[in-house]
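Chain nomenclature is as follows: A, B, C, D, E and F, assigned in order of appearance, with residue numbering initiated at 1 for each chain independently.
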Amino acid sequence: MRLLIINPNISRGVTDLIEAEARRAAAPDTRIEMATARSGVAYIETRFEAMLGAHAAASLAGERLGHYDALLIAAFGDPGLMALKEVLDVPVTGMTEAALMTAAQLGQRIGVIAISRRITAWYRECVDRNGLLARLASIRYLDHPLHDPGTVQQDYADRLLALSRLAVERDGADVLILAGAPLAGLARGLKGQLPVPVVDGVSSGVCQAETLFRLQAGGASQGSFAHPPVKAHLGLPVGLQALLDAGRP
Amino acid sequence: MRLLIINPNISRGVTDLIEAEARRAAAPDTRIEMATARSGVAYIETRFEAMLGAHAAASLAGERLGHYDALLIAAFGDPGLMALKEVLDVPVTGMTEAALMTAAQLGQRIGVIAISRRITAWYRECVDRNGLLARLASIRYLDHPLHDPGTVQQDYADRLLALSRLAVERDGADVLILAGAPLAGLARGLKGQLPVPVVDGVSSGVCQAETLFRLQAGGASQGSFAHPPVKAHLGLPVGLQALLDAGRP
Amino acid sequence: MRLLIINPNISRGVTDLIEAEARRAAAPDTRIEMATARSGVAYIETRFEAMLGAHAAASLAGERLGHYDALLIAAFGDPGLMALKEVLDVPVTGMTEAALMTAAQLGQRIGVIAISRRITAWYRECVDRNGLLARLASIRYLDHPLHDPGTVQQDYADRLLALSRLAVERDGADVLILAGAPLAGLARGLKGQLPVPVVDGVSSGVCQAETLFRLQAGGASQGSFAHPPVKAHLGLPVGLQALLDAGRP
Amino acid sequence: MRLLIINPNISRGVTDLIEAEARRAAAPDTRIEMATARSGVAYIETRFEAMLGAHAAASLAGERLGHYDALLIAAFGDPGLMALKEVLDVPVTGMTEAALMTAAQLGQRIGVIAISRRITAWYRECVDRNGLLARLASIRYLDHPLHDPGTVQQDYADRLLALSRLAVERDGADVLILAGAPLAGLARGLKGQLPVPVVDGVSSGVCQAETLFRLQAGGASQGSFAHPPVKAHLGLPVGLQALLDAGRP
Amino acid sequence: MRLLIINPNISRGVTDLIEAEARRAAAPDTRIEMATARSGVAYIETRFEAMLGAHAAASLAGERLGHYDALLIAAFGDPGLMALKEVLDVPVTGMTEAALMTAAQLGQRIGVIAISRRITAWYRECVDRNGLLARLASIRYLDHPLHDPGTVQQDYADRLLALSRLAVERDGADVLILAGAPLAGLARGLKGQLPVPVVDGVSSGVCQAETLFRLQAGGASQGSFAHPPVKAHLGLPVGLQALLDAGRP
Amino acid sequence: MRLLIINPNISRGVTDLIEAEARRAAAPDTRIEMATARSGVAYIETRFEAMLGAHAAASLAGERLGHYDALLIAAFGDPGLMALKEVLDVPVTGMTEAALMTAAQLGQRIGVIAISRRITAWYRECVDRNGLLARLASIRYLDHPLHDPGTVQQDYADRLLALSRLAVERDGADVLILAGAPLAGLARGLKGQLPVPVVDGVSSGVCQAETLFRLQAGGASQGSFAHPPVKAHLGLPVGLQALLDAGRP
């Protein structure tokens, strides 16, 4: 299986973190290809930044159309995920979606650890859009300005561990998600030190993408994830055009 | 007050419909300026198309930064609305948001009439994101291929009226929203013929934008609608850059 | 437009506060008329007091039937609002309803600042009945016995400011409502000092009533806000009789 | 135990129906006293009518203060129920509340049979205020103008039976409530003919009032059902004054 | 009326507590019979333990089939309650269900006091399954290892009282449930000392079972509480067989 | 990985269906072992039957403790799933849970096709307990008595296909789950014939179990899925004892 993983941010350092964890998680016959947004911001914390990331990710997904069997959107809040599910006929998942659906099988109430305060409102909305707000125990967050998203794991290791424990002890979390691509791989490192199962968006995303590919559940020709109806369009970059035109008979 | 109304679709005919209704609804001291997306699709029915519209609308909003006192996003589902609220320090509303908040003061349960079947899933998600799903009576829709979004009102007048009545009689709607920019102005025409109040997204949007401007409620320097934190960005068109850079001290 | 504003409490001092803010907010062509309940309590904090206020407000609304184009119920929790919407064929809104629908366009999660602890349960129920409980960040409250509802703004200015900041910093509010007629006008005063937009029930109510009037959305002859079916009644004061009889053919 | 049952409507014929069923249901040591509203309408179908009924019922409850050990509000939608719980220190329940809490122990999803179409919106809101909307299977209703609320059981026996069966077969009801005082006693008559348990508001109300009295759960000196804070009042009838003044130390 | 009360735990000391409170609460003509689980654990705190208790309780209920007119499941979380409602044609209630439905008539928001931290997740799920999560103020709990469930009331009397007050003052509870059979009877003792009404699962359960019996609401031949369809079964103890076979024509 | 799949029903024919589909779906290095309940019913449609299945499944899981790396509960409604997650330190998933979490990545609103009318209430409750009721489009069902759960696929192939199409066209499903072990493998057969992706509980369960095993997310020593506290137990079969005793230090 060819798995395209798109980092909707422009940070190549974070792409490297994602790739490393993805390779550790992937099945032997999964061929991983990485792509990094050519436009956008260093890391997504807000709805506006997510809109930029969605556009950049969709452009990349359109340019490589036909060269992957499944797609993983590898940034916080799954920018563009629902949109891409409409135009692609291969499985698409996102770090948040995959982590939530995995975590939901490991505990009833889910705690989320996030890398900044600002990001929490956006993440809460994402959990809500996945329909799982009632299972959200809390979102705890690092309350420091981020120097470098590529080193946040090392810079704040102790604080992240402490936040994780508070989510269990105070908020009733049965399972934790370490959220955000800059934390890719940290779950692997913290595992022995936490009182509940801990889930990572990248490795969850890789495994769920593999599952969706293997199940061959079929595409949508009706319903709200069928390809958008063919209609006039204008002024779009080539990748986005390719996605729209993929629906033409 | 200078009110910028952006049609996130490329259909100039629909922009004309919007403008006509906006001018009928506006207060005497409101100066309306219209803008039409330079990229995107003829009319938005899906999440992917909404993503394109959001990007186009944000670019226009950024290019004209400083030349308007309030902004109205004039397409179905309010593409880009939440994102733009983060980066602008003038009030921003959308046709769906404004229509819902207006309708909510005219009845308890809200019925929506939509221009296509495909659009209904996306609209249901929009109502949900506004937190008003519990007040949604139903979404009824035209089930015909749209020849021309600019003439749908005339082409299907009887059917739209029949759908409106069914929403009241069968679904328990206390108030109706005629949804979608192609229906702009229709509420005005149908009013005497319907058994409940009927709301139009464009006129609601104009009046709500005026209200938000007049109330001068203040901007956000904290919370999830403060400007996104300043950080590195790359490869963005000038309008979007302007919006991001508006947050720099 | 003739806008009748009814204070469902017997406190004329609060009526004066309401009137002052209403006049500051109203459009030039809005003619404001005030009315104060002839029966009831000094200020409403509970369901029982709201029942008294509803009855008094409805009596006044019935006595003046035909002399106003829109009605604003100007007390906390909108006593009698839904009942009056059934019997009047002009737009009716309330301070809570109008503030919520306005605030909902200025932020995603809404914080409420209330004048007493006791009032908070009732206010929470009001938010719920508007269908917006999921968007309520918190209700923070003055925890002091109120000497005089007419001077609570001055008596507790600092504390009200502090509560507002806590609602943003601790509870995640994106927008604030200063709730209760005794706080009428305070939002105008605090604006520069708060990190998020702040909304006042009276000025929101005036602007929303003007909007509903301008939109001329039409009345209800069906649905749950049509006039109650004609039937025998007995022993009612003249104002309430007038409202019931307004539905006779 | 002295149980006061207040019919918040002016229909003495319905009071008789209520009384007959109440006496059949009551324990031997329960002394039932009936009261009929002196003001209001023939039967309550709307929010406005419920407001009238609440006021009339509260006046009666205040006039007889001290002469009953428990109170049952015997009309559809429990007009004034929450208000009266605040001012009385004896248990108070209502037909809708008692029927819902009883039915909830007899099945998971509750079907409601109502006497008119108009009443259904108001009843849905009542179920919601009891927090049980998720357990509501449906509300089915007689769709005929009511000639006489006192004879609706006989006039429409077959139709009521048919509606009950549809609620089970089509809507998935596990238990039924025959709602509205005009249907008092009908459940007893239909029992053998229905495929699920069937609950009557009056007999449920009597038994629940007895239970609340026997349990002697204690009153509220704090929380949102403590007596409203003592404050100035004006212009109230003697019964309502008595209720307010009951809170004075 | 013959009321069978089953303690789904193996603790005979707790059975004695339950019996004492049940006899204090029961009507004169109620004949109480107690049964204690022959298999299972000392007291139920988790889903697994509840599964054991459900099985043991059902076996007892099946063995005594025909010898009781109503059944009360007397342990925390109502193990097996919904299952038993399907196979029995007499009323069945549980401590949690009966306490919730009683408390819901005494206040709007319900506080729960529990005997251990571990138990709280399971109890929250029970409140949710009763559809009343929106009315749950909080669950506060003893945070000490339990030496003996039969003496927890005495061992932690002060702490239980303090927790109750916190539920009112901090969490906004209008009414309290002292949850878990080991607390049977404590409500009676604490009553004068608490600022809100307080409800006990056992006495609520006895009174609600009596009410359900007196109302004779009828059984279910359709819907999800009709007897399970007749089908092959294998390897079941005699009590469970009896329950399954009770459905044979 | 050693994957134990337990059929909580006594039907060996259904076990064979499950096994066949499981082997088709499993990764090459997954070693599947099947177990069939020794007690219980032919197929589970109700809460009571699920209770029997839970007990039987748990006994088998306890007897084989230590001989599997992950567990799949392979019956409708996941009997015993949450209980087993508490006592096992290997991943446990169920057909319903796994199918829902997989389907949630393939569409927004989920349609369920069930094998009998009776089963639908129980399945609705399962979706609710997974927190995904808001994403449930509908449950459609075969409305015929089942002759043989082992041949229902063949007996009703056309009807199942028709129900699937109705779920898409009428109910707005974006993705379908063919629910119930007797339908194991049918999704694979229908795939080309349906307008949306279609998910099977067995293959989803196998892939999700593999994912949970591969992710090695760690166990729970705190939270509501930690092992139940050590306490006295009595009268339990050896398998259940083993599960309880697995928590002893």
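Observations on the structure shown:
By our rule, a contact is a pair of C-beta atoms (placed from the backbone, for glycine too) under 8 Å apart; a residue touches a chain by one contact, two chains touch by 3 or more.
Note that the coordinates shown come from a computational prediction; the quantities given were computed from them, not determined experimentally.
Between the contact lists of subunit D and subunit F, the overlap consists of B, E. Listing every chain that touches subunit B and subunit E alike gives A, C, D, F.
If you average the Cα atoms of subunit C and of subunit E, the two centres end up 43 Å apart. Note: centroid distance subunit B to subunit C, computed from Cα atoms, is 27 Å.
Multi-chain contact residues of subunit F (touching two or more other chains): 82, 85, 108-109, 121, 125, 172, 174, 223-224, 226.
Contacts between chains form some other arrangement here, matching none of path, ring, star or all-to-all. Each chain pair that touches appears in this list: A-B, A-C, A-E, A-F, B-C, B-D, B-F, C-D, C-E, D-E, D-F, E-F. Subunit B contributes residues 120-121, 125 to its touches with subunit F in the complex.
Touching subunit C in their complex are the following residues of subunit B: 25, 27, 82, 85, 91, 93, 97-98, 101-102, 104-109, 130-132, 134-135, 168-169, 172-175, 187, 191-192, 194-200, 203-204, 207-208, 210-212, 214-226. Of all the residues in subunit F, the ones that touch subunit B in their complex are 108-109, 172, 174. Across the complex, subunit E meets subunit F through its residues 10, 38-43, 45-52, 54-56, 58, 80, 82-87, 116, 118, 121-122, 125, 129, 145, 223-224, 226, 228-229, 231-236, 240, 243-244.
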